[in-house]
Amino acid sequence: MEGKVIHRFSKRFSKKAFFENLILNILRISTYLVILFAGFIFLDIGINGSKAIFKSQAPFINTDFLTQKPETLHVFEPKHIDKKLKEINAKILSTNIENKNLSNLAIEDSKKNDLLIKSLQAKYHVLDKQRKEERLLFSDTEFRALEIKPSKSEYVYETYAYSGGGIGPAIIGTCLLVLGSIAIALSLGVLCAIYLSEYSRPGKVLQIIRLSILNLSGVPSIVFGLFGFGMFVLFFGWGVSMIAGWFTLAIMALPVIISASEESMRSIPKGFREGSLALGASKWTAIRTNVLPYALPGILTSSIMGIARVAGETAPIMFTAAFALRDQLPWEGLEKASDFIFQGVMALPYHIYVVSSKIPQNEYTENMQYGSAFVFLFIVGFFAISSIVLRIRVRKKYKW
Amino acid sequence: MSLDIQVKPAEAGSKVLPPEVIKIRNLDFSYGESQALFDISMDVYEKEVTAFIGPSGCGKSTFLRCFNRMNDLIDIAKIKSGTIKISDVDIYDEEIDVIELRKHVGMVFQKSNPFPKSIYDNIAYGMRIQGIKKSSELDSTVESCLKSAALWGEVKDRLNESALGLSGGQQQRLCIARALAVKPKILLMDEPCSALDPIATAKVEELIHELKKNYTIVVVTHNMQQAARVSDRTAFFYLGRLIEYGPTEQIFMNPENSQTEAYVSGRFG
Amino acid sequence: MKRYFHKELNDLKNKLILLGEKSNEIARLAMDGLLENDIEKVNKAAGMDDYLDDLEQEISYACIRYISLRAPVSSDLRLIFVALKASRDFERIGDEAHSITRKSSKILINDGKLSEQFNLQEMSNLACQLIKDAISCFVEEDLEKAFAVLKKDREIDTINQKHFELISDISMQEKISDPTRFNTLLISKSIERMGDHAKNIAREVIFLLSKE
Amino acid sequence: MEDPNLEPKDTAPSFSRKRLVLFGKDSDSIIKSFFGSSATISIVVLALITIFLFKEGAGFINQYHKSLKEYRLSGLEYVDILKENRENFTELNRLLTDIRSNWIKSLKSNGLSQSEISSIVMSPDSKSLFLGYMRAGKSLKSYIKNKMDLAIEVRDQHITNKNLRETLNNFAQKIEDVEKFNYQLNDVDRSQFILRLKEKNLNNATDYELVTNNESLINSLRDGDAINSQTRKIFLELIKEQYVDIENTIKPVDFSSEIVKITSNKEAYFKILVGLESDIQKILNEKSLFDFNDDELNKRFSKFKDLNYLYFETIDEHKDKIKQWNQNQPIEILHALISFITGKDWITASDQQDWYGLLPLLSGSLLVSFIALFFAVPLGVGAAIYTNQMASSIERNWIKPYIEFVSAIPSVVIGFFGVVVLGEAIRNFSNLSILSWVPFFPLGERLNVFTAGLLLALMAIPTIFTLAEDAINNVPKHLKEASLAIGATRLQTTARVIVPSCLSAIISAIMLGFGRVIGETMVVLLCAGNRIKIPEFTDGIGVFFEPVHTMTGIIAQEMGEVVQGSVHYRALFMVGIVLFFTSMLINIGAQWIVKKYKKLEA
Amino acid sequence: MSLDIQVKPAEAGSKVLPPEVIKIRNLDFSYGESQALFDISMDVYEKEVTAFIGPSGCGKSTFLRCFNRMNDLIDIAKIKSGTIKISDVDIYDEEIDVIELRKHVGMVFQKSNPFPKSIYDNIAYGMRIQGIKKSSELDSTVESCLKSAALWGEVKDRLNESALGLSGGQQQRLCIARALAVKPKILLMDEPCSALDPIATAKVEELIHELKKNYTIVVVTHNMQQAARVSDRTAFFYLGRLIEYGPTEQIFMNPENSQTEAYVSGRFG
Amino acid sequence: MKRYFHKELNDLKNKLILLGEKSNEIARLAMDGLLENDIEKVNKAAGMDDYLDDLEQEISYACIRYISLRAPVSSDLRLIFVALKASRDFERIGDEAHSITRKSSKILINDGKLSEQFNLQEMSNLACQLIKDAISCFVEEDLEKAFAVLKKDREIDTINQKHFELISDISMQEKISDPTRFNTLLISKSIERMGDHAKNIAREVIFLLSKE
């Protein structure tokens, strides 16, 4: 560094600076790792799921998938192709094994085998395409309506549960569950929050309430499921029903809503209350006019987050509200009005659980599986994003 | 019942003492176990500015907040003995309606706390919660209050803008105007200028001086110069006790108590 | 922005002007009484001194009050200082006038008449003019007038010096009695002091206006 | 509302009068109690959860205790002791087979052809070793199987009896009811009645009168007519008949006599054991010099021999155990609880004995949480620190909402992703030939604890990130400025001022992340592999790639299929209780840390 | 290159001017689009207390924070033109190590901000981050800094207690002690007493007076009385411009500029 | 707690005391010179006046500086006021002494000796004592002494009165010349003024101590 004046403040190389940069980069990498991993999930589900949701021609959205009931898919694959495919597969497998068994010395042979495998695979692809063109797919209703069923001598016949039709009832069921439970949770939660932030006085009781809320928020969702099952389904005798699901979910969302509402009320400066009281407002007037209106955006924002949480849970509704399959929509076939709330419904999360654990993964089921996951992710994500965006806005707007 | 510290007639000048509005007698006040005020007796006179000075934690705010029972909001706060009478009514009586009391005794806080509403709504708030809805009445009161608070000129063209857009000093004057809207007789101010810069402070002081024509004002301040400037009477507190109380001139020119003297001349501590 | 207490400053200033005018008046009265042999005027002048003293007290109190309560700086503070000092000077002018009245009454009782050789008339005119000028340079904030006052004062000094020589002149002994001579001398001295005080005031005005 | 006459005099201000009150309280305190009551909901809910978990779970201990008693009384326990010995032998046998297959492998690697190998391996010499060893245990096995069948029969009979007795009780109750005058037939009774009558008709087809009577009775019953005294009598008769029938089918079991059948000829068993010992000894002596032409295998073989001698030594102990076993030894009720908590097996719907042991589930849960936290803590906290302290404001503005958004991904979707993509990806990764040196690669199971742990980490990261970021953000900005103004670098400021002053909050964030992980259901249910077995911690790192089952998973998986009120049902609630209290402990712990260190920090 | 506002030799008294430590020339500073400082040139002299006064928002803090480049933390803050030299080194040069600069130019903030550590650790912090670990060295520096900050007597028996347990004034003095520990030559204080009561303020002022024997001190204050009391030189800012700069006596007794006069005598605004 | 600027107040006080002592000294010198016919002493006294004037200037500046920068109240402020006024009085004492020296030198040149009938010795002793007392009551903060000063001043007044009568007595004419008589009279008058100033100082001390 010639020509530079060295003075008290001039920069010098130091280990410290190097070390600092290193750590900074490690932290940066770990952050982006998380982001990438999550991003990959979004992309995977987004790309694969959109195949089920979107179509290439108008209206571009596969409304059938979104509205229809799930049905069994009947698949007829041309037998001759199937046979050939199986042969090729076997050959590939055997060559592979051979390849493995070859000792390290026989490089020539292994190369040859590799080539063979490649050619086989190419052949396979051609045949596979042909198979896709010639196969016949029917949903349950279509199948039943068929006059002449395809002959079993020409086709290999297989059925796949849930893979035909759509997921309409599950979407509707999820919406109903979320709406009901949030209505319950919100009304209870806000009342509770008002008490805690405005009326409570420090003491034993308050401590217990706070501890309960805290613990409630940490209770695993499956335990809520157990509880709902024990209390609403069995003890109250409501059976597996929407109302049991509502209450179970509401209780689960309660701590989230209480603490968020309380926080947003607490963040209203003390001065607003004091100012109002000093003008001769009664306590309730002060709360009504000077706390709640300003806390409301915060409360709503966080309750949307509560919605996202409630909508995303599977475990609590598994044995309280969800049916694996129910081909009637909630408003169909009701005898009494009260039956509406005492019926079980299909729900997207449970549906996804069922289709990803109980049926095989293959080309016929994959579309529906990814499609359900995509729709579900979209719904929950929509709530989550709107909550996040809203919160950012609210925070910007209200700065006191 | 006698005042411990009484203004010597000679010092109060030849002019007749104005009538007392607040009479405090032997007040003991405590937060839970710890006593914050000890045996305080004093009178606050009508249409005067009374200033409370004293080092931090000496109980000025506590005492001030006794006058409109804002201390009721603190659970552990308790008046142990003594009475506070406003216009000869014991305000800690069972039968007192705190709401009415607070309308009678307005308060302005250290940190200006305008509501995040429009300027107009801020002032109208106090009337609205009393059920006054007639817009002509509201309009005229808003205008007169803003005028009293020397703010009308500055905000008359933007009454419907948010009060949070005002500067610190304007906000504080808005809070004063808001307090005036419920037509109090007494105004309590707890360090109303501590968050303001000298110019805004000057404006608020000007306002206090103006307001004392119509209101009885009690102001807590850390700023001795301010107490000297705005008040007619000054009370010096220390460790929860009223050390000296008298006309401001006396406190600053010839304090009787050596602690007071040390405090006002900066030798204290 | 004008603060409300700046009005107090104005009041103070007005009081000071009042004091100045009163002191001027008392000086005038005392001198006229002597020169015109008007015992009433002399008595009147003698009676005014207390008022002046009170006024000075008041101003002094107002100053100390203003300083303790308003913590003035810069020109405000200078004004206070000027008020403080000038009021003292005015008061002293009053005092001198008072002592003139005492001497005058003695002269009037003993001799009834002053020797015309004493140029008291001119001297007193000059002194009163000086006082007037000092006041008006304060009121009008006129720096030049103030400097003029400084100059004029020397004239009075010269006259006073002359009186001294005159009075020790033997020829005088015959015309008027010894006490009258002495009293006249002291009166002349008092007038000279008045001039001095007016000069002081002018100096203070200069201090007030010229930023030292 | 206000009487003008009550208007106070001019001098007194108007505040000296209280406003209207209701029930002796003013409106504010009424409002307050309204809100207060709704706030107690959280307590009520928590109490209800506890109550209902205990209500359903409490019966478990009693029922399990009963089941364990039956286990002992019926002799199943005795048989299980016998089986222990057999297991030991089987284990040895497996070792030997293992040696054999390795032997074949080594031969193959020596370049021998298939036929050469088989000639060596199937040579009489080696045959007598391998096959002979296996045959030595044949009689032991058949003896034990025999005893086991006996025991199971006894137990099943006992359980059947119990069920029948319950039915009898029901009948007795019904008889009593019917005998009372005002009994109304319900639909079930009616159809049963009809059924019985038809049956009777069939049996007594010759008795025309009876048949016609019965026919008309059936018709009137079908029409829903009320029964008269006559029909009641018939009904009663029929029920009583049924009662007797059932009573007859009960064949009371006398455990003490039945047990004799099982424990009787111990001598024969001991003889078998002696035979086994001598057989093995013989084979080993003969083959003591068996040469595998491979040092490694020879070493293993000699070790095998040593193990056999060790096995012989255990036999005496085993005999003692058998002798000492006593059917009448009582089982403490606490034993049921202990065996739940420390039980190493969770076996349900087995034809022998059901076991409800928590350990495999608990260890599975902990293992999966450990893996999740192993990834989530550094990444979450690191990301929080980076985002709040080092990132540019643009970065901060999108990273935060992004990660928060990640927390909203439903667990079932993540589980689905694990099933469909990640499991496969990890296995493919482990199949890479470059990684073949890793001891436990390639992975056998697509879904294992690692897959689940990785996904759970993704779920825990947002929790940890958000809470930690908030905590860091709450550190007053002026502390940062102060540190920088002294001449500290950014990193020093972060490490020495910012992190320490919110450390407790970060730790509690981590604990809450742990709480979230251990309570997560769907991901583990879908991706953890669901093998109910305590992971083999002896496998070293390999343990992280085993399938496991977890507490949450087991509830979700089995709750839907169990019979309500059964031991199994209650066992699941017991698991729920354990989960509930675990999460509670974690939460309270997190709060405690914050509280305690807040004090220190303040 | 000439100073716009130069102390008239006559007014600075007969004594020789001490050497300049900070030289500011034609400084223009802006936050994004809005310019906060306009063409400021002045010199800060060694071992003197220089006070910045002026109404709120006039740019005092901004200017002060330029001296140790704390404004670097604000993204939109930018020096548009002009130079600041400390000991003849241009501190906004590319080649400047900001860390070293900040060690040289200590800063104390408006709100006292002790770290939530023990008193000892607060002071030792600055040395520790420089890698000093020897406890004897730390001990002695901690003691000497606390003594310099006139705090040793009050806290020597509880060095290991949390610093947050101190009173406001003690905390502020602790912050000063903490700044001293890295041996700065210059101390910047941004309204160091605005959150303190009169007694604590007096103590801090006392301390500033004490410290000026060894340090060059620049202090921003809203309190004109305080500027008058503690400073040797006072600069009056208004709307981002330096209106008048000179010996404190001159500013308060005979300000040249009428705006300055109006401001110090409370007529401004 | 003592603030650092309270030291300034102390300095001010010390300066005031110094001024007092100097003024006492100058008064003493002037008188002694006259009484002892010591022209040197007289000249020395005449030379000191400027120093006093400067000191008074200094004190006055310090006061105004202290008020503008330190905003004093209560006793501090009173002290400043006292300093301000007392310094003026001391300066005036110096002035009177100066004028005594002028007259003295004239007398010494003309007559060389003063009539013994004039009780100047006692008068000057009294005046010096008074000044001393005024200073010490200020230094010792002794209220009683201050009141004593007020009383003593009257004695000087009486003596001065006597001198006046004495000097207008015909018998005196013979012994000493007219100018000397007048000068002596004026000296007496000056001493009386000195006493007055000392009295003023005592009054100010009373103001300082008694809280008005």
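Per-chain residue numbering starts at 1, and chain names A, B, C, D, E and F are given in the order in which the chains are listed.
Going forward, a contact is a pair of C-beta atoms (placed from the backbone, for glycine too) under 8 Å apart; a residue touches a chain by one contact, two chains touch by 3 or more.
Values in this document were obtained by computation on a predicted structure and should not be read as measured data.
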| If you walk from chain to touching chain, how few steps can bring you from subunit E to subunit F? | 1
| note | Common contacts of subunit A and subunit B, by label, are D, E
| remark: At the largest C-alpha centroid distance from subunit B we find chain D
| remark: When D-E and A-D are ranked by contacting C-beta pairs, first comes A-D
| request: Quick one: compare the interface residues of subunit C with those of subunit F and tell me same or different, with half as the dividing line. | output: same
| message | Suppose chain centres are the mean of their C-alpha atoms. Which chain sits farthest from subunit E? | response | D
| note | The distance between the C-alpha centres of subunit A and subunit C, rounded to whole Å, is 100
| said: Averaging over Cα atoms per chain, report the distance between subunit A and subunit E in Å. | reply: 56
| query | Counting in whole Å, what is the centre-to-centre distance of subunit C and subunit F, each centre being its mean C-alpha position? | reply | 22
| field | Cα-centroid distance, subunit C relative to subunit E, in whole angstrom | value | 52
| said: Which positions in subunit D are in touch with at least two other chains? | reply: 489
| said: If a residue has to touch 2 or more other chains to count, which residues of subunit E qualify? | reply: 100-101, 199, 202-203, 224-225, 228, 252-253, 266, 268-269
| request: Check each residue of subunit F and list the ones that touch at least two other chains. | output: 1, 3, 64, 68, 71-74, 77-78
| query | Which word fits the touch map of the chains here: line, ring, star, complete or other? | reply | other
| task | Would you please name all pairs of chains that touch? | result | A-B, A-D, A-E, B-C, B-D, B-E, B-F, C-E, C-F, D-E, E-F
| request: Quick one: which bits of subunit E touch subunit F in the complex? Just the residue numbers, please. | output: 199, 202-203, 205-206, 209-210, 225, 228-229, 248-249, 252-253
| Can you name the residues of subunit F that touch subunit E in the complex? | 1, 3-5, 64-65, 68-71
| note | subunit C partner, complex, touching residues on subunit F are 64, 67-68, 71-74, 77-78, 81, 84-85, 88, 164, 167-168, 170, 173, 177-179, 182, 185-186, 189
| subunit B contact footprint on subunit D (complex, rising order) | 11-19
| field | Interfacial residue positions of subunit E with respect to subunit B in the complex | value | 55-56, 168, 197-200, 202-203, 222-225, 263, 266, 268-269
